[in-house]
Each structure stands twice: as C-alpha cells, then as structure tokens.
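What follows is subunit A paired twice: with subunit B in the first complex and subunit C in the second.
Up next, the complex of A and B:
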C-alpha cells in the first residue's frame, strides 16, 4: 500500500496493471466443460444435451453446439461422461458479441451413417 | 465501445460506410475507452437474479480483489454511472425500470450483461421473463458464469474499457487426446 501510494504520486497514475500475478484462488473455480474430440458420437451427444439444465448444448446434425454464455458450469455433463467431458479451466470468458460464445464440437461419425 | 453491438450498428449504417466515418468512429471509440480506462463508475442493476451475482460483485470491493486499484468505482446513482452492470434474466415487471435506468445514464455509456441468466442460459423467455438482458438493453460486453467469479468480472470490466483483449473467441472447448470410453459404455 505505501509503495503503491508513493508510485502513484511519482507517476500521477494511481491505478495498477491487471493481473499483477496469477490468482491462487482461480484453481478451485468451477469452469465450463471441454469436450474430448474423437470420443463423442451422436448418441452420447444427445445424452449430454438431455442432462444440460441450462440449454447450453444442442446437436445440429454431426456437430455438438456449445453456448459458453449459457453454461452454468454445473458439471452434470462431466458427471454423465467423465471420459469425454473435462473441466476446461477457463473462467475469464468475457466477450464482446454473443457469437463468440457459440462453439462447434465435431462428433465422431458412426459406421453406416 | 469495444466492438460490441453498438460498434456493429455504426459500421452498418450508410453514413458510416465511408472510410473517414470508420476512422472517426474508431478514434471516438479509442477516446471513450481511454477516458473510461482509468476512472469508471459502475451502477449495478438486478433484473431478477438470485443474488449470487450480486454477492460476487460485492466481493470486487473486498481487499483481495480491490477493484478501486483499477480505477473502477460503484455509484448508487445512474446519473453518475458510465457502466451499467446488469444481472438476472430481465423480468418483464422490470423492463420500464431498466429502460429508465439506462436513459438516466449520461452518454457515452456501456452495458455489461453479467451471469448465465443475463446471457439467456437459465430461464427461457416466457410470460414472466424476457430471458436475456439483450432483449431490452444494448449490451456491449457479456460475462458468462453462474455466478461469474470476481476475477471473471474484473476481466469483463477491463474488456469493456479496452484494457484487456477478450479471449473467449480463441477458445475451442475441445480437449485433445483420445481417451478410450469404458467398455460398458462402448457396448451401449
């Protein structure tokens, strides 16, 4: 605090840069899921869509569409398929347009489709 | 003004299609961002949230996060506010109050939608809620999370004043590697 105050007087700027250092509390935060490419087929995708309580997931043909903005990081999809869905570890997710939040996840093509 | 909906509206209007209009708009945006960059007053607006977003917003003023070091301050009056931090799914009973709050703010002003409700996640539009803040107010920056942690809120506020670049558009949310599904699952 005193150092910060002295530097502010010297430079005429009292604000600081961000982030000064990585925050230790960030490790325990719940984060939106990351989907393991090459494991999720249409059937599993439909199950993930069914367990999502906040309409963040829907399937569009052979693509799983994930709206990060709608995700509440509840972890139900991770519970339903822990081998295919893991926490992404990303929490600083602010965006400047809604389209930035919509992510397309390619699904495995099953034989005979 | 950081390339949000308003910036797109400017770019789409015929008067601003000329190059000098673009240059002028860009310079204006830059000037607003530099003015807001180190002194920004925030008015929070709860449009029907469960108050967990408010708890996280309140934590911003705690010593650990200390948003005042970044030049951000909370103000109780929309007349003094540069930025409207909106939480909740925008209940229909609140739309007049939300519009009045927005209109009471002096321009230039920013609107930040905060939390999964405000981004349209939790409540679908029905007789009671609009379902997303963007239905009523021109949102500039969206902050996902349920609730967004104070760190996510700080990053969102800094994105709003162009002190940080957004990084969500670069994320794919796919994990690498091919883990084998358990045998029981593969049979199904």
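Up next, the complex of A and C:
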C-alpha cells in the first residue's frame, strides 16, 4: 500500500473540470450532424435518408425530419454531402420527451449538386 | 481474406477417406466438405480425434436444415467446414463426441427445431421463456420448448441455490447467475444470458453488407473492429473481393488498438473485483487515455465505423497515433508494474479460477483464456491473412490457467500490440475499399478479437443481400469455460475476479 500512496502523491489529482468547463477531449468526439438550411433539396434528402443506418432521417414531403435521439453520429451523411452536412459539435443531449430530439429541416426546390 | 488453395492432404485427405467421399469445395475462406447425415458422426469422430478444433456449429434454413461445423485445422493453417443436410428433426449427438458443440446444439434447437438424437436435455441459451410462436426465429419453432436451465436442481446435503442478477452493479451487463453453494464454496454455477438477446442474426437477413456491418459492430461493442472485420472478410470471401493492402494495414492498427484498450479495461475490472480502488483508478486513467487515442486516430473512442466491406471507411491519423500511443501505453504499463508489485492484489489472482489445458481444449476455448491455459491458439498466426502475413505477432502463452496467468497474457499482448501498431503504421496504412462483385456466394471470415477468435459466415444472394449471417464472437466460445473455472475450488468472492479475467461480454454471446 505505501507504493500506491507514494504513487498518488507523485501523480497528484488527475481529473477534469467538466461540466464546469468543457473537457478538451470533447473536441475530438464524433457528434450528430447539423444540416445547412437552403442547400438540401428532395433528391439530396433522399440520398441522406438512404445512407443513414440507424434510420434517424426520413423525408416527410418537403421536410427532412431528423431524430437526434436515433443518431449514432456515424458520419455517413456528412461524408455523403459535406457541403450540406457538418458536425454539430453538440454531444450533450437531454430532454424531457423524445419529441424534443426531433428536428425538421425545410427543403428547397431542386438545386444543382 | 485470401481464398485458400485446395490441399487434399493431411486432415482433409484423411477425412475424405473416413467418410468415403471425394467431394470438396474450395473458396470462400475455407475448404468445404459435404458430409451425408449418415456419416456425420464418423466425420466428427475423425476430426476430433485428429486434433481439429471445433470452432463453430450453426444451421441454415431452406428446403431443409443444413448443419455446418467449422473446424480450425490450426497446424495446417486452414479452416474446414463440413456441411450436412438434415432430413428429419434429429441429427447425431455431436456434443457426446465434441463437448464444445453443446451450446450450439441448444441454440440450433431453439432457432430451427432440430435436435441431437438421444433426448438429452437442452438448455435455454438465447430465446427468453416468454418467446411464443410469433417470436422471431431463424427457422422453425421447436416441437417442444427447450428444457429450462433452471429446472429444479437436485441439490444435496447443505447446498443451496443463490440467485444473483440479471440486474447487477453500476453499468455491468445483464446476466443472471445461479450459484449453487454449500455456504462459501461454489458447487455449481449456471448462467442466463437471454436477457440481452437482440436477434441480430435474424435482423441481418435481407440486409446489404454495408447495413449489416453497422449492426455487426454493435453485436459486441467492445469488439466492434474484430466482429466487423470478420463479417467484412466473410462477405469479401463470398464475393471474391480483395481489399487494398493499405486498408488491411489500417484494419490491423484498429484491431490492435481495440486489444489495447480492452486489456486496460480488463485490468481495471480486475482491480475493482479485488477491491483495489487506487489500482482501478490508475488502470482507468490508462483506459481513458487509450480511448482518447482511438478517438484521435480513428474518430471514434470505440473504433466504430472503421471497417467496411471491401476495405475501410477511415484511415488512421498517424500523427495522432505517434503522439498519443506512447503516453497511453506508458500509463497502462506503469499501472501494471505497480499491480504486479502489490502482494494483496497478486494473492487474489494466483490459483484462482483455474482452467486446465484439457478443459480449454475440450471446450474449444479461444483467446487469452485459452492461451493462459497453455493452448496457443491465435487466428492471427494459425489462420494468417494480411496484414499479419508480413507482421506476425508473438503469441503470449502461460500454463497455469489461473487468473494471474490470464492477466499476464493480457499484459504481454498489450506490449505486442504496441509493437505491431508501430510495424503496421510504418508499412503505409491507408483508406479505400475494393468494389464488391455481384453474383452472390458464401464465405467465412475471421479476426482475432481481444477476447479471441471472432468468426462470421455469410451467404448472399445474387442481388447482394444477406440470406444468412452467422456471428460467432469469442464470447460465444469462452462463456462455456466460465463455470468450470468458477467451480475449481473457488469461493463466492472469487467469482467477480474470474469474470473480470475472462473479460467477456454478454452482448456478444446473446447477440
């Protein structure tokens, strides 16, 4: 036991100030996507829906519906359309009902890809 | 992985003689021998007697149920699959010859309704007791429900049954222990793992490989790379795709990083189970640093999303690897050195949870559990494929089979993984994937996960959709050795220590 005592004194406190301050490692974590309004049309929306393996996306007429609660931040939609989808940087999710995790992204008329 | 050349020699040739057949199919990652049902018992007798390792047993459904036995011919560096169509609802009791087959016999009965002849009681392994006729199954429902594991025991003398689980402490997976004890010593132990059953093999049917990999790497999250690699390799073998060499190097780096963080996590769990909180904290610092290395190198702490069928989706950030890995491993090494010098810790490990060499062989155990019992089985060496052809690992082996031996094997493997990562990184890893040809087919894939050999067998139709996927993570194999280890003159408080040293997942076995 003296070994561990001495080791602890030598190392000091190894911990984080999170959540009072952001943890540095959070910058490298994969996060759910953010969809740029105004650049996603129906065709692109359907492509994004097709690449989403966790079925977090679906299209409802002229709206892309994104359920953040189902998203695993796998990055496939960001790879498919990096000009329209970027990492949100938000890895902390909390809500009082599942509906609060559903976002609706209005789609534009056909645009050039 | 690369298709094997037909080698009608050695065990294969003698098997063909024994069953009086000349029919061999090569390709798909293994040599496949059709065996008539009437000759199946002879074939199993022959292979078990010849020292072949029964690596898996599973069924596929169609017009009739087909049994496939996967054998590791480890000294001959190949896998052999025997394929037997079952005409009626029974087949020879294979576990009487090869005890490693029993868990799969139970599973096949649950899923397909065919059972070994002789009427031996079968245990419930995956489907919950409330599984009715509409419960998703891979094949037919059995005529009679499998006999319950917790059917009344005959517990003699002062022994009694102590139930524990399935809800356990903190974030530990759901697992029910039935501990039969006379007060302190473990007389018998049985496990229920079906609480965690997710029907993954059932869910994989009809999926394309890309969709399947997303689910496969979640079958056992702590082996995401290994299980995904085995499934991807099975698909590649089935379709004849050759992943780019640089992508295989990337897979190797991810797999060794997976081994490293798992061994650090096992070390933390060992400390927790022995009540050494300061050691646990030290091991968890190492674990956290290694997880951050994973995130920096591959963009995910648990290495999800690296492997894809035909190659990899992401290449490693080698600069981040160079910066982060020495610190993460150094932390692990310092914690390990301190633990090895702590008598109160070492005393709990020594002579605890012994698995003998004979038990490990008989039950077909794999990974560090087998290697700590003197069975030097490692698919990176026994079934070598790129990138391990040119970068073979040194296998760590111990002979005492106790918790201490398993801990030492893990430490040796961690050091070897760091060396391998350096070699693989220097060889030019990259990203990219080969296109998957159409046409369908069936193939076997494998990867050496931190827990041991992970196997997958996949068949695809002409449209490229999966018709049957068999996932066999190492946990499926090694849980069957746990009760033997627990019974070997251990007391109640040894059980968490033994469980930590096996470092298995319930998710992997329940699937």
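Rule of thumb we're sticking to: the second predicted complex is superposed on the first by the 91 of 113 C-alpha atoms of A that agree within 3 Å, B and C clash if a C-alpha of one lies under 4 Å from a C-alpha of the other, contacts with A are read in each partner's own complex, and residues count from 1 in each chain.
In this text, a contact is a pair of C-beta atoms (placed from the backbone, for glycine too) under 8 Å apart; a residue touches a chain by one contact, two chains touch by 3 or more.
From a predicted model like this one, the values you see are computed outputs, not experimental measurements.
Of the two partner chains placed around the shared chain by superposition, subunit C is the only one that A:75 touches, whereas subunit B remains out of contact. Residue contacts after overlaying the shared chain place A:66 against subunit B, while subunit C stays out of touching range.
When both complexes are overlaid on chain A, the residue A:4 reaches subunit B and subunit C alike.
Once the two complexes are laid over each other on the shared chain, residue contacts for A:109 go to neither subunit B nor subunit C. Which of subunit B and subunit C touches more residues of subunit A is settled by the count: it is B. Within the superposed three-chain model, A:98 lies in touch with subunit B and out of touch with subunit C [touch as defined at top]. For the contact definition in use here, the residues of subunit A common to its subunit B contact set and its subunit C contact set are 4, 14, 25, 29, 54, 72, 74. Interface residues of subunit A facing subunit C in the complex, by the touch rule stated above, are 1, 3-4, 7-8, 14, 25, 28-30, 53-54, 72, 74-75, 79. Residues of subunit B touching subunit A in their complex: 2-5, 8, 38, 64, 69-71, 116, 119-122, 124, 134, 140-146, 148-149, 151-152, 154-156, 158-160, 163-164, 166-169, 171-182, 185, 188.
For subunit A in complex with subunit B, the residues that touch the partner chain are 4, 13-16, 18, 23, 25-26, 29, 32-39, 43, 54-56, 66-74, 81, 83-84, 86, 88, 90-98, 100-101, 103, 105. Of all the residues in subunit C, the ones that touch subunit A in their complex are 210-211, 214-215, 278-279, 282, 285, 292, 295-296, 299-301, 304-305, 313, 338, 341-342, 344.
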